[in-house]
Every structure is written in C-alpha cells, then in structure tokens.
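Inspection log for the structure reproduced underneath, given as structure tokens.
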Amino acid sequence: MTSADRPTLGVGLIGHAFMGAAHSQAWRTAPHFFDLPLRPELTVLAGRDPQRTADAAARLGWASVETDWRRLVERDDVGLVDVCTPGDTHAEIAIAALEAGKHVLCEKPLANSVAEAEAMTEAAVRAAARGVRSMVGFTYRRVPAIGLARQLVAEGRIGQVRHVRAQYLQDWIADPTAPMSWRLEKDKAGSGALGDIGAHIVDLTQHITGETLTGVSALLETFVEERPLPAAAGSLSGVAGEGLGRVTVDDAAVFLGRFSGGALATFEATRFALGRKNAIRIEVNGSEGSLAFDFEDMNVLQFFDGSEPAERAGFRRILVTEPGHPYIGSWWPAGHGLGYEHGFTHQVVDLLTAIAKDEDPTPSFADGLQVQRVLDAVERSAAADSVWTPIAAQDPERTA
Amino acid sequence: MTSADRPTLGVGLIGHAFMGAAHSQAWRTAPHFFDLPLRPELTVLAGRDPQRTADAAARLGWASVETDWRRLVERDDVGLVDVCTPGDTHAEIAIAALEAGKHVLCEKPLANSVAEAEAMTEAAVRAAARGVRSMVGFTYRRVPAIGLARQLVAEGRIGQVRHVRAQYLQDWIADPTAPMSWRLEKDKAGSGALGDIGAHIVDLTQHITGETLTGVSALLETFVEERPLPAAAGSLSGVAGEGLGRVTVDDAAVFLGRFSGGALATFEATRFALGRKNAIRIEVNGSEGSLAFDFEDMNVLQFFDGSEPAERAGFRRILVTEPGHPYIGSWWPAGHGLGYEHGFTHQVVDLLTAIAKDEDPTPSFADGLQVQRVLDAVERSAAADSVWTPIAAQDPERTA
Amino acid sequence: MTSADRPTLGVGLIGHAFMGAAHSQAWRTAPHFFDLPLRPELTVLAGRDPQRTADAAARLGWASVETDWRRLVERDDVGLVDVCTPGDTHAEIAIAALEAGKHVLCEKPLANSVAEAEAMTEAAVRAAARGVRSMVGFTYRRVPAIGLARQLVAEGRIGQVRHVRAQYLQDWIADPTAPMSWRLEKDKAGSGALGDIGAHIVDLTQHITGETLTGVSALLETFVEERPLPAAAGSLSGVAGEGLGRVTVDDAAVFLGRFSGGALATFEATRFALGRKNAIRIEVNGSEGSLAFDFEDMNVLQFFDGSEPAERAGFRRILVTEPGHPYIGSWWPAGHGLGYEHGFTHQVVDLLTAIAKDEDPTPSFADGLQVQRVLDAVERSAAADSVWTPIAAQDPERTA
Amino acid sequence: MTSADRPTLGVGLIGHAFMGAAHSQAWRTAPHFFDLPLRPELTVLAGRDPQRTADAAARLGWASVETDWRRLVERDDVGLVDVCTPGDTHAEIAIAALEAGKHVLCEKPLANSVAEAEAMTEAAVRAAARGVRSMVGFTYRRVPAIGLARQLVAEGRIGQVRHVRAQYLQDWIADPTAPMSWRLEKDKAGSGALGDIGAHIVDLTQHITGETLTGVSALLETFVEERPLPAAAGSLSGVAGEGLGRVTVDDAAVFLGRFSGGALATFEATRFALGRKNAIRIEVNGSEGSLAFDFEDMNVLQFFDGSEPAERAGFRRILVTEPGHPYIGSWWPAGHGLGYEHGFTHQVVDLLTAIAKDEDPTPSFADGLQVQRVLDAVERSAAADSVWTPIAAQDPERTA
C-alpha cells in the first residue's frame, strides 16, 4: 500500500553539483510523501574526481560511485539515468543511456545546439518504441502555482491569450569582479543567460498557455567580457584567482515573440538585474482574465477574473497551498508553503508515474528540442539586426 | 509674499475633455499650494460646440469662452496657450500661438508625425529667442516618485544602467464591444497605444536615466479591427450605437530598445492588459542599484542599494511623501499621499517658474520631437520585420 | 445645470493650519467636479494673528478675515461654520454657531471630553429641529475604498463579523528630540495618539461594520515624557528651541474591544511606529468574507470572497478607481488614483447635499459623541488595570 | 568529513500525524545538507494502532514500530525521544524519557498546564545535570527570516523596542460545519487557538526581541460551540459524521501585553480569519528601526533602518536566501526559497549540535514553561474581566 512495497527502480545520477544535489533530494524524498508506483533506489552516482564523488555520494545518499559515466550507463542495477552535467555532454550521455535501454531524465537545456537536440529527440522516439522513457528537466513546471496557471488557461478562465510578459532575473554576475565559471563558456554552456534561465521562461510560457512561439526578434548582450579566473580549476567557491578569462556567452537576452494564438510577448533573461536573485516573473493577459506569477513569492498565483463586475474585480492572490492544488495534497495543511526543491520531487513523481503507466512523460525531449529551436532563433535574430525570425513548427511525424 | 501679489498671466485653454479638466484643476490649484512667481488667471476656454464649451467653462472655472481657437490665440489677455486637443491639431495651434508670442503648453504626444514635431520644434526655438517659452505635457515626470528616481540615478546610486523595462498597461478596450473613439483613428490620434501611452514610458525612462534610446526593434498589433460606432458623434459616454467603424491604430506595441549608455530595454504599451487600469511600470537595473515604480501605487518608489551587505540588502519601499521629496513640501505631512492630478499641478508650477526666470522649461518641444522620433522608429521597425531601426540623435544646433 | 447656477452658501472657516488648508482645498475644488445643489463661497477665514490670518486667506482663497471667531459666527454672509481649531475650542465654537443658526462642520475628535461632546450633541439635536445641520469631520469615511468596504459588509459579502483589527501608525515623534506641540498637551488636545488618530479607526471600523463597540480593555503609554520646547511659541517649523516641556498625553494606545455583533477587535494608535507615516490599516474577517485596507495604498481594497472554491480563492486587490465606485465617477478614468485631500472634497459634497435635501448628514455629532465615549472608556480602562470597561449605548431619544 | 562518518544517535518518534510527518522529514533530510556531529537513525516509531503505525513507519522511513510509547522509551537503541503527541501526554512521556536518560525533543506547547510544564522543567534540569538534553519544538524560530530578525535586534539595529504586534491567523474552522477534532477538546489540547498557535507568536516575539512578557490583558472567544462529530473516531479526513460534539476550547484569543523593556504589544490568535491560512505576522517598532514578517511570504523579512535619511528610507524587502543568512549556506543559491518543513530540519540540526557539544539547546523546557505561564495569564485575565495579569519572572535558580 505504500511505496515501500513497490517494485524498485535503480537510479544512476551523473553530476553532483547544484543540480545533482537537488535531484538527490527529490529521489530521496518522493517516496515518503507520494504513493509511487515504483520505488526509486539511489544506486550509483557518477563524477570525474574519485574523492569528490565519493564524498558527494556519502553526503547525498548514493550507494555507490563511478568515475566514468559510461560504466554507470552499463550497469544492470541502473534502470534510469539522471543527467545533471553541463549541456555539452547531454547528447552523448542521454543517447547512450537510451540506447542501453535506460529511462533518462536530462537537465535543461536539452542540449547546446539544435542538431544535438534533434539527435536526442530521435533517440528518444526510438527508445519510446521500446518502452524506454525520457524527460527533460524543466522543473519549474512542477511549482504548484504554475500548475494552477496552466489549469486556469485550460479551463478557459483566461480566454484568448493576448499578452505574455516573462522575465527571469538574477544578479549573480552583476559585479564585474565575479570570477569565471563553466556557465560563462560557450563550449560548455552553449549560451549564457539565454539557455540557462531564458530556456525556463520559454518553456513555462508555452506550458501555461498551451501555445508555442512562432517567431522572435532579439538582442543579446555581454556587459562584462573578461573576468578573473577562479582560484582553482575545480573550485566551486566563487573566489577569484590570477589572470583573466574571456566570457563567451551572453550576460543578458531580451526578445519579442508571438505565440501561435496571436499573442504578443516580451522575454528577458539576465544575470545583471541587481537585487533580483531568482525572479521568474510571468504575466498572461487574455480576453477573459489575467495571471501573474513571481518565483520570489512562489506559493502564490495572481488571477484576475474578467467576468467579475468591474467594481468587485481585482487580481486575487491565490495562496497555492490548498489540498486541491497540484501536488499539495501530499504535503502539508493549507498555508504551509513549499520551497524551491519541491519542484524536483514533483518531477520525479511524474516521471515514475509515467514509466509505470508505460506512457511518455512530459516535457519530452521533443519539447526540449522545440525550446532549443526558440533559443536558436533568438541567437540568429540577434546576429541579424534583430530581424523577425520564424520558428519552425515541430514535425509531428518525427517527434510524436 | 503669496501668489496673490504676483503679476498675472492670462491662460487660454483649448479643449475641455479629460485633459482639459486635468489642466484646469492644475491652473486653479497651483497658486494655493505653491509660492508662484506668476499668478495664472483662467481667462478663456476654447471648444467647438458653443453650449458644451460654455458648460465646461462654468464647471471648470474659466472666465470666458471662444469657439474658434484662433480667436483665443489672438486675444491680448492671453499670455499662455494650453493645448489639450487631439494630436492632429497640435502643430497648427502651437505654431500659431508661438508666432503670436504666447507661451505654449502642449499635451503629448507633441504631434502625429516627426515632420509636424520638427516644425513645432523649429517654431519653439525661434520663439525662445524672443523669450516665448514652450513645454510638452509629459506630466508623469512630475510624479514625486519619478522625480526621486531621476535624482537617485543622477546621484550615481544606480551606477551604469544595464536594464530598463517599461510597461504601460491599460484594459479599456480589451472588450471587443467597446465602441469607436477618436483615439482609435489614425488620422486624429496618429497612433494607438504607442503614441497615447507608449510615448509616456519612452519619455519617462529617458528622463529617469538621463539617456536616450538609440534604436528599437518592434511589433505592433491590432487585436480588434472593427468596433461599434458610438451612439452619437459627440458622445463621451462609451455607449455603442449602430454600425461598425474601422480601428486604424495599434491596440498594443512591444519593442526592444538600447539606451545611449548601452542598457538593454523592453517596452510594452497596451490597452488589452485585462485587470491593469493605468499601470505604468518602470524598472531600472544598474551596476550599483536598481529602481522599480508602478503607478498603481504612485506614492512609492522601490530602491535597491547594491552597496548594502547582501544579508541586509533588499528593495526598499520608499513612501515618497516626505517634505524633502520633490514637490511634497508644498502639500501634506508625510504619509498623506498625492493622486493622479497632482502631476498636472506640478507641471504648471515648473512652467510658470521657468517663464518667470526667463528660462526654457522642460520637457521642451525638442524633447517631444525626440520621443516622436522613437515612436516613428517603432512604426518603421514593425513595418520592416522588426528589424533594428536606429534613432537619429538630435541635432544640437537646431534644438538647443 | 452646473454648480455655477446653484444658490450660494457662505462658508466661514476657523483655523488655517493643516486642517484649515485641507478644508480650503475641498471648498474650492468640490464645485468643479461635482454637480452640487449649493455653491459654497469662501467668505471668511478666522485666526488669531492678523498678519498670519491675512496671509493664509490670500494663500487659501478666502475673501475676508476675522481675528475673533465670534465675529465670524455672527456674520450674515456666513451660512456654514467650519471648525478646524484644536479640540479644546470645538464645543464653544460649534455650540455658538449652531445657536446662531449656522450649519457646522467640526473637525474630529468632536471634543476633548464626553461632557463637551454631549453638550454639542444636544445643541446639534436642537439645531436640527430648526433645519440647521451639523457634521463631524471623520474624513477617512470618504476614501472610496472605505466606502466600498462598507458596501460589501452591507451587501452581506462579509457575513457575520468575527474579527476586526485596526491600526493607525505614525512615527513623527518617534525621535525623542522632536519638539513639543499643542498636540502633546492634554489641555489643548484632550488626548494624544488616542484622540488624534485612534478616533479615526474607532469611527472607521464602526462605519464599515455598521456595528458599535460595546466595551474595551486598554493600555496607554507615554514613551517620552519631556521634549524640547519649539523655537518660538507660534512656530510650525518643528525646530527645537530652549528648555523642556512636559508631554501630558499618550504617545500610544492599544486596546481590545468587542463589537455589538460579537466580533473581537484589536486597536492600536501610535506615533512611534518607525517607518509608518500614516498607515491606517483595517482588517475585517467575517463568516463569508474578509476585507483589508491600508491607507499607504489608499486606492486599494483587499477582498476575500469565501464563496469561491478554495482552489480559486484569494484576497483580491480591488483598485477602487472604477466609475461605479463611491465618488469616483466625478473624477478621472479608471486607474488614475486619488490622494489624501480628496476625502475632504467628498466630505463637503456630502454635507452640502444633506443640507440641500434638508437631511441630517453623517457622521453626526451623536456619532462623534459615541466615538468620544469609546475614547473615554479606553482612558478609564487604562487607568484601572486594563479592566473591561463597557461603553454605554447611545440614548436614541436624545440623539435621534 | 560528512555526516556518514559520525557517531549515530538512535531516534524514537512518538506520534505520526502532521507533526510526526514533519519531524520525520527533518530527521531524514538534515544529514544530507548539514555537516552534523551526530548521525540520526530513524530507529523506531510509536503509535497506538498497530496497522496504522506500521504503515506510517513504512511511509515515513522508520526501521521499527512500537505500540506502547513506554517500550520505545526503554529501548537501548534509542538515544533521543521525539514527542509529537497531543499536549495532554507530553508531561508523562517527556519526564519518563528524561529519567530513562534519553534526550527529548517535545512539540509545543510544552504542556497543557503550568503545573505540568513545571514538572517537566524540573525533570529537564535534573537530566541536564547528567548530560541529558531537552528542547521544546518552537520550530518557527528556525525560519531564516526569524533568525535574521533576532540578529538585527541583537545588533541594535532596531534600538529600544516600543511596539510589538503579532498575529497568527488561520481559518480552518471558520466554517461552522467543520467537524470536531482533538484540537477542539480542552482535556486533550489544553486550549484552542491560544495554545496551538498563540504559543508560537508568544515565543517568537520573545525570541526576536530578547525580552519577556511581563503582563497581559485578554479576551477569549468560542464562536461555534457545537460541531458535528467526525465520521469515525480515528478519521483524519475532516468528514463529518453523526451527532454533535462540544467545543471546549477557545476559537480565538486576543490580548494586550507589555514586554520587559517597556514595549506595548497586541496579540491575536484565531482559526476564524477567513482567507488567512497560516499567517504568522509579526511587527516590531523600535527607536532605531522596525521589522515586519509574514509567514505567507516566509523567505522575506521587511526591515526599516531609521538611520537612513528620511528621503531615502523605506521598509526594505530582504529576501532571506543569501548564503550568509541563518541556515541558508547549506541549501540552495540565493533566491531559491525554502518551505515550511525546513524549519524542522534546522531544529534537528541545532538539537544535535547542542547534544554533541554537551550544551543545553534552546528553546529549553524552561522557555516552554515561560510561554505556558503567559498562556495561563491570558486565560486568567480573560476569566477576570480582562484585568491586567502579571506574569511571574522565571526563577533563575530553578531553571538555569
């Protein structure tokens, strides 16, 4: 009757930095709050440095370690591979895992290029035919307030969408003396704020509205082109060392867009918005109602119901902590809010549920590819005087 | 010692709708709160319909009426002409008034085209040489919180500006059955949301940052192309009559921009943001601090001071009602907020002060022209696949 | 058709400090926005100092001056006396004016003692029998959001009231070196924060709920017992002079209360809430809904509708600027908010309307007396170990 | 180097409802984020019903079960007893555990009466002499924003505290048809809103200010005196069954208080504040600064710094997610907020740290007793016409 009695699924996690820690917490926590159809086991953690990986495994609760991800992928006791490495390795790992018959959860952005994402999507489609499932980790979809936003649109409470405005604002490199990191190198990260955080608001606005972006007009900017190298190559400490490194990604991206239903959109992703730490702000205005969300107050969704008489109408602050709200029934009583990491737990729940039901989970690799196409169009527009750049619709044959 | 002892200045107001009422309240009120160097007299109101103009004059406090604005401009007892008519008449009236030696206050946008605005600016420069002054009515500059925002930038508290995001959101025609009005006709209004409200956020962001926009990439949209005609031609009532009229302006405008100091900007002006009534929202992120303003809470400015230690830093909600804040010393004790109309009173105060000091008030017609050039670039970009469209810098010879 | 054609009513104003300026603005402004049944004339201003009164009359727009309020009361061209003096003079002036057949608008609190307020109320009842009207100036009742709050309660949208929490928070004497003023002297002001600002939240909560307080339990406190004397007796400047004066009123008052329908209430009035300038905060929780108001955001009322499904419910932020909201139809379009002074204009409108209709305006002197009884019970409870102190219901015979 | 290498401490948990689930998550999670000096093992869970306890143990991660708490207390593999039962059993269990040499973590309120709390405190003092530690579970102290509030007071940034206002607002029984529960029965729960949630704000305000309450004046109210019995005795479902039960506790408590430093305070605890789900709202005004907190936005602390110039001052919204904020360095990057349950994890961290250092953790049973004395004074005041009721200072001999 509880998760303890369920069939087990061995999980292999690759990467143990920020995302690795968040995923570990999710794998550990999900069975204690949700009645899962499969019981995940924290089988193996892979990382390059033996000592650091062993330490991480002990701290994060993994039963064993590998220093070569290929070994992890090949292990018989691993049924699911969770990819938490930088974007330049996603394609190789995920495709290998799928071909080895392992379900895959891959962090976003799906890949560093459209070509990679296409190859991954093709691998995912082939794997799905064999019952092997894949999901890309747009975890913010699993914030309950975002789930409620999607429900309200789907119920018609917003009507025809006319405006979308989305911002993802951080400030962790607003200081020009903040040191280099792999996230500032194009060959590792693919892009900067655009792919790292812009990808999230592209996915979220498409997820909430149920529509896709059909074109963009964009500007990219690198405000600080050289930064101090960190104290040591492997350092995570943010301490500067000697010499300067070249920033090869965007510090900020702004773009206009149009959704498939005709709505106008503005997007902004930046790591230079001083005072905003992780502000994902999304507003949707429709013909019947409006929505507003800010991750700085993540347990809240603002909803304007246009059907109310004008004198009684106003944006209502829905505290998304009711038992009937998405995912909430498994947690605490009303008013006892969730935090950042809960989205990862919900992601694991939805993934295990889909695997057990033999269904394709969402967001699929095809969804990740579509986001990648948007990011690619943003870069092409920015490189071509911001000219309007259409985004090809998905080929349903290929990605269904 | 009080305004009552000052020399008088006869004012002639043209137009008595929304803006005419707001300007009338300003002319009536300013002398009672501010120690003005000139005492304005509400000499004459001009409007086309004799009965409606007479009624308006009685209601608004004007001593006499004219039904031809040319008569008003010619009157010897008029020293200042206040132009509150639709944009298609601004150029003709303002130029005639300046040439007749009258100071001019002209509502925004300055004109319906760059050509008109250039002619007006040339007339203003010629008039200034004769001591005749002119000002364009970007009244929101005079909201105390906006004044404080500009001060903080000027003091260096924000540092180098990196991001500007500005929205002017209304919803008064979100309902497709809302009837036609002159504001939806291109030949009268010049443009739609772009010129009516977008002009304000272009001016405000340039005013606050002390920088100018150097280029834009834009999208315009008309969501509802036909609307019911109003019940009667002169109707102000918003009641629909028979037949349909064609909307020939934009319902919404979104554009990217770049400021002269390198900042990235996003702009949005719309009358379709359901639930937002008059939300002017401006954020500025700089290298040293950030600002946020929302006219829905107009007595407040949010300020993030980046020099605070991270653990003690946060956006502070400055209630802009202290005696030392712009304009506030003449009003009420701290905490007793101002309203929409006070900006118009401040505008009159600044205009009369400049006239008495024999100085050019701001914003000048040249400033209005520069905004017009931005609007023009927005329209050209939108017509050319959103391609990046530079904005010519002002010719300092011509407009100084 | 406009106020200009209406019969006139000569107004005599006594006092020209903060309240005198606010009332003057109201008398000047009301006819330009509202279609009044009587046209007020700013006939005469009374003050003790001839020069300062003359200056004030010129600045505030009054046609003549008196230095003895008795002369003002006797003048034939005065039909209404507006009392804006400190509380120790209210009874004498108001009673004299009513006996002279003048309508009276008297600032709050009605008097410095229950006995004075009773005498005033008796005079008002006698005067009303002769068609002479009186009103006490609880101006915050006329903030549109407060009017809407009362409407929602009256419509049953809140249900049975269970909780009221009300705070009036200022900080203008939080600094112990802020100098003495008449507001800190018991013989002039009657009480401190209690009567000055506590009176407002007592009146507002009774007005909104339509119920009266039946008892209280209270604490009073004077945090700073001696303060520097101001630089000069008549100084309004807040500059300290030589020597110390004794503060003889409360700096802060807190009390529990119970409303006639059974609700529990907490009240707090203080001038020591650092950072709160004029924060009138009122919340009402009922069996069907809840309300929240904060004067720091005065154009907003928060409303929770308990009849919504839990998953869609939340406090909605009603921007009280719609044409259908109280008083708003005479001002600006939706979203263009009002300020502090507008409440005074609405007060004048309601008073003139009642006079013209030959009806008793509200709040009546009897209402002011009832508030005085609450304040008196607060003081008695605080003096008696906070013991529960009932508040006598009004004698309907006497005050009807 | 990680928790995995530390000595273990066997934990026995008694109770597996809401609090049991929250504590379980804390015990499971703490070792993965914090470098603990002791590694907790989830040794045994006790509950009365064998099947339900076994199910809970499986779901919550406990290695074994007991159906008699006395057996749990006696077990050699249990070094710490965690008491999550209703208040009527706290004294017996906690004293037995302490006498058996087990460290004790006891949920709040410490007991249902002062006498019980005194006995428990005496047992705790005796146990401490033997190195056996005890803590009462005022978990909200461990919300990072509360920790920051306490730091700011301790640093002198608030100055002398003058006002405290504290509310704990819920609405889960605002509906009169909500069924009976043990929390509504005096013999099980001790009191209603007062002890359940009022206890938290008494503790929090004392914790933040570093002062104690010296007296109170109070009102209690039971709005709904009879409620439907739940469908089945053991039901947690909130579904009503047949018949009515008598509510024997308060639905709401309001009280005035005075702190040891002279501040005035208002307190309100209610389960009838419609629309407020778990709103813990605390404000502190001091001579140098002010603080405001609302658990509905739990990752934020508002701070007003009175040393700023008035024109630049305002409540600043500190997002309490910086690495330097209390507890945050062990979690996520800035801006990635925590949720309700994290406070329990921090509680476990602090408890284990104190045990390992051989120090008494806080809040101690003596702190819990002091809160109990406040609650007791509230009940006595409410029963005696709200008369001021002093609260005895702790006897330092007894409780040190």
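The first chain written gets the first letter, and so on, giving A, B, C and D; residue counts start at 1 in each chain.
As a convention for this text, a contact is a pair of C-beta atoms (placed from the backbone, for glycine too) under 8 Å apart; a residue touches a chain by one contact, two chains touch by 3 or more.
Keep in mind that what you see is a predicted model, and the values were worked out from it rather than measured.
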Notebook entry, point to check: Which neighbours do subunit A and subunit D have in common?
Noted result: B, C
Check: Comparing centres built from CA atoms, which chain ends up most distant from subunit B?
Finding: D
Next item on the list: Calculate how many whole Å lie between the centre of subunit A and the centre of subunit C, each centre taken as the average of the chain's C-alpha atoms.
Entry: 55
Notebook entry, point to check: Distance-wise, how many Å sit between the C-alpha centres of subunit A and subunit B, to the nearest whole number?
Noted result: 42
Checklist line | Interchain centroid distance [CA atoms averaged], subunit B/subunit C, Å | finding: 35
Next item on the list: Mind pulling the residue numbers of subunit D that touch at least two other chains?
Entry: 276, 313-315, 319, 334
Item checked: Contacting residues of subunit D [partner subunit A, same complex] -> 1-5, 18, 22, 24-25, 28-29, 32, 55, 58-61, 170, 172, 276-279, 295-299, 319, 321, 332-342
Note to self: Applying the document's contact rule, which stretches of subunit C touch subunit A when the two form their complex?
What the structure shows: 148, 300, 302-303, 309-319, 322, 324-325, 334
Check: subunit B touches which residues of subunit A in the complex?
Finding: 162-163, 165, 167, 169, 171, 174, 176, 217-219, 221, 223, 252, 254-256, 258, 262, 264-266, 268, 270, 272-276, 285-290, 304, 306, 313-315, 385-388
